[in-house]
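Chain IDs A, B, C, D, E and F follow the sequence of writing; residue 1 opens each chain.
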Amino acid sequence: MQTHKAKRVEITIEAVMERRLATALEEVGVTGFTILPVLGGSGRSGNWSREGQVSRASGMINVVCIIRPERLAPLLDAVGGILERHIGVISVTDCEVLRAERF
Amino acid sequence: MQTHKAKRVEITIEAVMERRLATALEEVGVTGFTILPVLGGSGRSGNWSREGQVSRASGMINVVCIIRPERLAPLLDAVGGILERHIGVISVTDCEVLRAERF
Amino acid sequence: MQTHKAKRVEITIEAVMERRLATALEEVGVTGFTILPVLGGSGRSGNWSREGQVSRASGMINVVCIIRPERLAPLLDAVGGILERHIGVISVTDCEVLRAERF
Amino acid sequence: MDGILALAAENLLSPIILFFALGFAAALARSELSVPEAIAKGMSLYLLLAIGFKGGVSLANHGVDATLILALMAGVILSFALPFVAFGLLRAMTGLSVIDAAAVAAHYGSISIVTFVAASSVLSSAGIAAEGYMVAVAAAMEAPAILSALWLVTRASGGADHGGGGLGSGILREILLNGSIVLLIGSFAIGAITGQEGLAKIEAFIVAPFLGVLCLFLLDMGLIAGRGVREARGLLRPGLFAFGILMPLTGAAFGLAAGAMLGLSTGGVALMMTLSASASYIAVPAAMRVALPEANPAIYLTLALGITFPFNLTLGIPIYMAIAQAVTGS
Amino acid sequence: MDGILALAAENLLSPIILFFALGFAAALARSELSVPEAIAKGMSLYLLLAIGFKGGVSLANHGVDATLILALMAGVILSFALPFVAFGLLRAMTGLSVIDAAAVAAHYGSISIVTFVAASSVLSSAGIAAEGYMVAVAAAMEAPAILSALWLVTRASGGADHGGGGLGSGILREILLNGSIVLLIGSFAIGAITGQEGLAKIEAFIVAPFLGVLCLFLLDMGLIAGRGVREARGLLRPGLFAFGILMPLTGAAFGLAAGAMLGLSTGGVALMMTLSASASYIAVPAAMRVALPEANPAIYLTLALGITFPFNLTLGIPIYMAIAQAVTGS
Amino acid sequence: MDGILALAAENLLSPIILFFALGFAAALARSELSVPEAIAKGMSLYLLLAIGFKGGVSLANHGVDATLILALMAGVILSFALPFVAFGLLRAMTGLSVIDAAAVAAHYGSISIVTFVAASSVLSSAGIAAEGYMVAVAAAMEAPAILSALWLVTRASGGADHGGGGLGSGILREILLNGSIVLLIGSFAIGAITGQEGLAKIEAFIVAPFLGVLCLFLLDMGLIAGRGVREARGLLRPGLFAFGILMPLTGAAFGLAAGAMLGLSTGGVALMMTLSASASYIAVPAAMRVALPEANPAIYLTLALGITFPFNLTLGIPIYMAIAQAVTGS
């Protein structure tokens, strides 16, 4: 099958920021994404684990956006602005997709 | 350690299709995959979130298959056939693996 | 925004090995990682699914480490040693990150 | 009529309805109140186990009635037939495509077990008995409607292939062995085998806290229904909305005919009406995603969960009860 | 004094405290004992539903008291005012930055509903009645403290912008409609509407097993608090630790003044003291992560959950009860 | 003999067995019925808390018996010794490798707490009392068997290194502090401290609904056991299958000897037999994945969960009870 070049952006961010991240993505025209749950992790701010949570205050989520390459720059600007004050990481990988018209 | 080239295929698909996808993968000789849960997402068919589900009707899963490069074409044919009628996305990334004989 | 080259390492491993894997990662200086839950999977040791578990004995997790390229070799040595006796897979992908000083 | 109003008023102010309304309102107001998926699923297992078991015990107490088989057959026939009625109404009242109309029709031929549970608990607080085997009738009505819907689609498309979907892929087996049916029928059988003695052992689990669990469950149903309605506002044109109210009343009329013909008790007739009036939102949506993925789930989920379920819960059930009382003359 | 000691001793040996201690000890010993997140969330929904409903029924039974509105207003004022007290103490006693101190202060102005639940159950096993509407006061005290904390930060930074955080992003709406408040107030309203009759229907669910569920819930709280303390050992310098004990006592004094001025019953005064003494660990931390992400969550979570919560649970509640009894002369 | 048959027949038709059978059958028929992982884990926390607490209360009621320490020691010795018996049988009856045989042996030296819970509830519905501290004996028997198994492997491999696995990695600490043991022993201690008064407070939670929760839990166990058997059909050769039945009977004989020697009550002897007969499927599998990852989990999980657990549940427990009655002469 015919595949097309795209970018796979994976953002690990605090769950409380979900709605704000979605809004920021929509503002730069990214409407497709998938949210994966996160069990725990470790970083400069220490360890955490979902089982130790009484509240949604400190859980994280993993947001995957597959986008056309030309959308990357505005997306990084939008997400970078949010990540600046909040903990979390973002990675960008080259990928191939089917049905490029969807992205 | 010695690493080997492989392809990492990630398929986001409706949970109701899990068994059918597994069968399709097996038919093209892919027997190794890992299924990650999905919390929610957004796409052309709108938003959804796992917390709004009474049924398994509209949840999604994320299936990761790491394969030898030569298996990619038949895998894409098999999965593309399923995805044609169903919502979901597929991405392919180049990766390196240890122990190539396993894939 | 300015991005930097990094490696995205994804390790699928038995949940019982979590603490040991974290210790091994720390020993080679990798202190940032994110753990995703796994619902089920298939491999040479057969199928399994989270819903069939009474115990934490046979569940798996997916550990994502984003690292500077020069840390890859020691990381693979450390993880390879653990994976030798245990089931699981590891893949390495090239990626780009913001804020390289964090990794 | 007075009876209906009094019943409806009392029903509307019962905790279970009020918790449903609380969830519905919270979702419309975009509160982030939510019930974890595992808890919701756990409560639904509990409700199925409890209602099945109690039905079985009631069967054990009253002996196997000659009408049991007839009632099961009536249920299967209703489930096969109602999708045709629904499909006809939909094509007349709304602009839905054949595929969307067939998918909706499948939901209305099948049943909602929570509506059945709510009706059972309203009956039992009103002191009206019903045949214990109505639980088995509920289970028998889950699947046949799906076949009717798929037949409607195949006929409309001139028998063309649907690209690997349809009945091909073991879908019927999946429906017949779906979790709800197996647990409901299994618990019914266990209740019938262990009888009153078995009930005594687990009564403190399945009887005493039942209504309380139902409140928490309906809170969650309200949240989901409210969220669905909020997101699918655009879809809910007047024709669809009217269908969501008219169809349960039509279904109930068929259920009334069947129940009266079989000579069921007042409670039995009310439950048969409720089953016919209710629309599936668990088994059938899942089946539709596999067999008719082109049908838009927002339409059938919003109708079944956002319109018909609340209608049955608040007004439908008291109406069916009052009519059943009038008809069976009790 | 004797009364306090006897109460404290009895309290310390009650199952709920012992299960909390078990969890705390297990976490310190690094046991992998854990309660799944969904179960913990399910239990907290249950506790909120039950305590809200019972409060509403009690209101229905005793009629709307003229002091209801006054008590609500007192709660709102306390929640606004206590962060300033806490902030002052923190800046005097500890080396926390303005942002960290403000974030901590927000927690102490707001309330911990589990502490309230525990106090209610201690009161009811001691046979001391309290105003049913104290549940509504609890809900009213959740949010105002957050505004005070954000105001403290804005003032300190000379009104500078906080990069998109702060109140801008609909955060107040999120807090007012957060799950706990909606469920608590909603259940309170449903309890008030359905009254004793509604309670009779779901009593076996929300009354009988209540204390048992609370034990399991507190086991989990102990695990989380213990894990927090273990990981944040380094942070807990003497000044912070002292604040974690002194601040609830200070808050309780304010609560006492308010309760006595309003002429609340003994139980009502004890609950007002408990609310003022308790520190939020659900709604406020989430709000702080959005509005003040620079504040270190390890500090406020450890203080609220690791120091103040156990203090209130073990010693605080009996102290507040004894003082309330002495002051109201019962 | 008549007694055994009657007991077995009654046992086979009790709700808990029938729900297990329902789950087993549903899994074999490939139904997608399933219990969410969080709910299953929540129920197991509940069962451990309840059984531990009730054991502690019973200890408080009857005072500390001089045989408590002896019974604990007997449990530890049995847990150390039984793996050698099991290993010998396995090497004689089956073609398992040393590593697989040792891993299986570890499971049979340790215990299954759900089997213990089921036996306790059968005893209590038959009105037969047992020593409350048997709960502590159960906890004491969890871990020692693992050491025996690892020793068996080390001996066989001539003391060679196992590549970082084995006992090196803090595994013993993990087992001794595993969630089940901590909760069981902790609840036992809390029950002993708070006694009858504590029980009165949480009885409606841990006593009344207990059997009902056990039914739902066993439904899930049946699903898991059935799924395991379905997937591991190929592995279950006659030798292994026979071991899965013979080993519990052998273990029970050792338990009988120990119980009789200690002069335990009828119920105590029956429970000691049940513990010795049962095979772990939670703590030991997890330990084996860490310490002996080369052992095939399909073998030990299928034996413990798919053969021995159902055998004990259906036939084993009534047999052990009847023998205990005959031997203690009651």
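In this section, a contact is a pair of C-beta atoms (placed from the backbone, for glycine too) under 8 Å apart; a residue touches a chain by one contact, two chains touch by 3 or more.
Computed from a predicted model, the values in this text were never measured in an experiment.
**Q** Just tell me the minimum hop count from chain B to chain F, counting one hop per pair of touching chains.
**A** Minimum step count, chain B to chain F: 2.
**Q** When you check each chain against chain C and chain F, which touch both of them?
**A** Looking at chain F and chain C together, no chain touches each of them.
**Q** Return the chain whose centre of C-alpha atoms lies at maximal distance from the corresponding centre of chain C.
**A** The most distant chain relative to chain C turns out to be D.
**Q** Roughly how many whole angstrom separate the Cα centroids of chain E and chain F?
**A** Computed from C-alpha means, the inter-chain centre distance equals 41 Å.
**Q** What is the distance, in whole Å, between the centres of chain A and chain E, each centre taken as the mean of its C-alpha atoms?
**A** 34
**Q** From the mean C-alpha coordinate of chain A to that of chain F, what's the distance rounded to whole Å?
**A** Centres of chain A and chain F (C-alpha means) sit 45 Å apart.
**Q** Residues of chain E touching 2+ other chains?
**A** Residues 34-39, 42, 208-209.
**Q** Residues of chain A that touch two or more other chains: which are they?
**A** Residues 36-37, 93-94 of chain A touch two or more partner chains.
**Q** Sort out which chains touch which and give me every pair.
**A** Pairs satisfying the touch definition: A-B, A-C, A-E, B-C, B-D, C-F, D-E, D-F, E-F.
**Q** What part of chain A is in contact with chain B in the complex they form?
**A** That would be residues 1, 3, 6, 8, 22, 31-37, 61, 64, 66, 93-99, 102 of chain A.
**Q** Spell out the residues on chain E that touch chain A in their complex, using ranges where they run on.
**A** Residue list for chain E touching chain A: 34-37, 40, 44, 162-165, 169, 220-221, 223-224, 227-228, 231, 281-283, 285-286, 288-290, 293-294, 297-298, 301, 305.
**Q** In the complex, go through chain F and note every residue touching chain D.
**A** 13-15, 18-19, 22, 25-26, 29-39, 42, 125, 208-213, 215-216, 219
**Q** Under the stated contact criterion, what part of chain E meets chain D in this complex?
**A** Going by the criterion above, the answer is residues 36-39, 41-42, 45-46, 49, 53, 174, 177-179, 182-183, 186-187, 189-190, 193-194, 198, 201-202, 204-206, 208-209.
**Q** Report the residues of chain C in contact with chain F in the complex, numbered from low to high.
**A** Of all residues in chain C, those touching chain F are 14, 16-17, 20, 46-47, 50-58, 81-82, 84-87.
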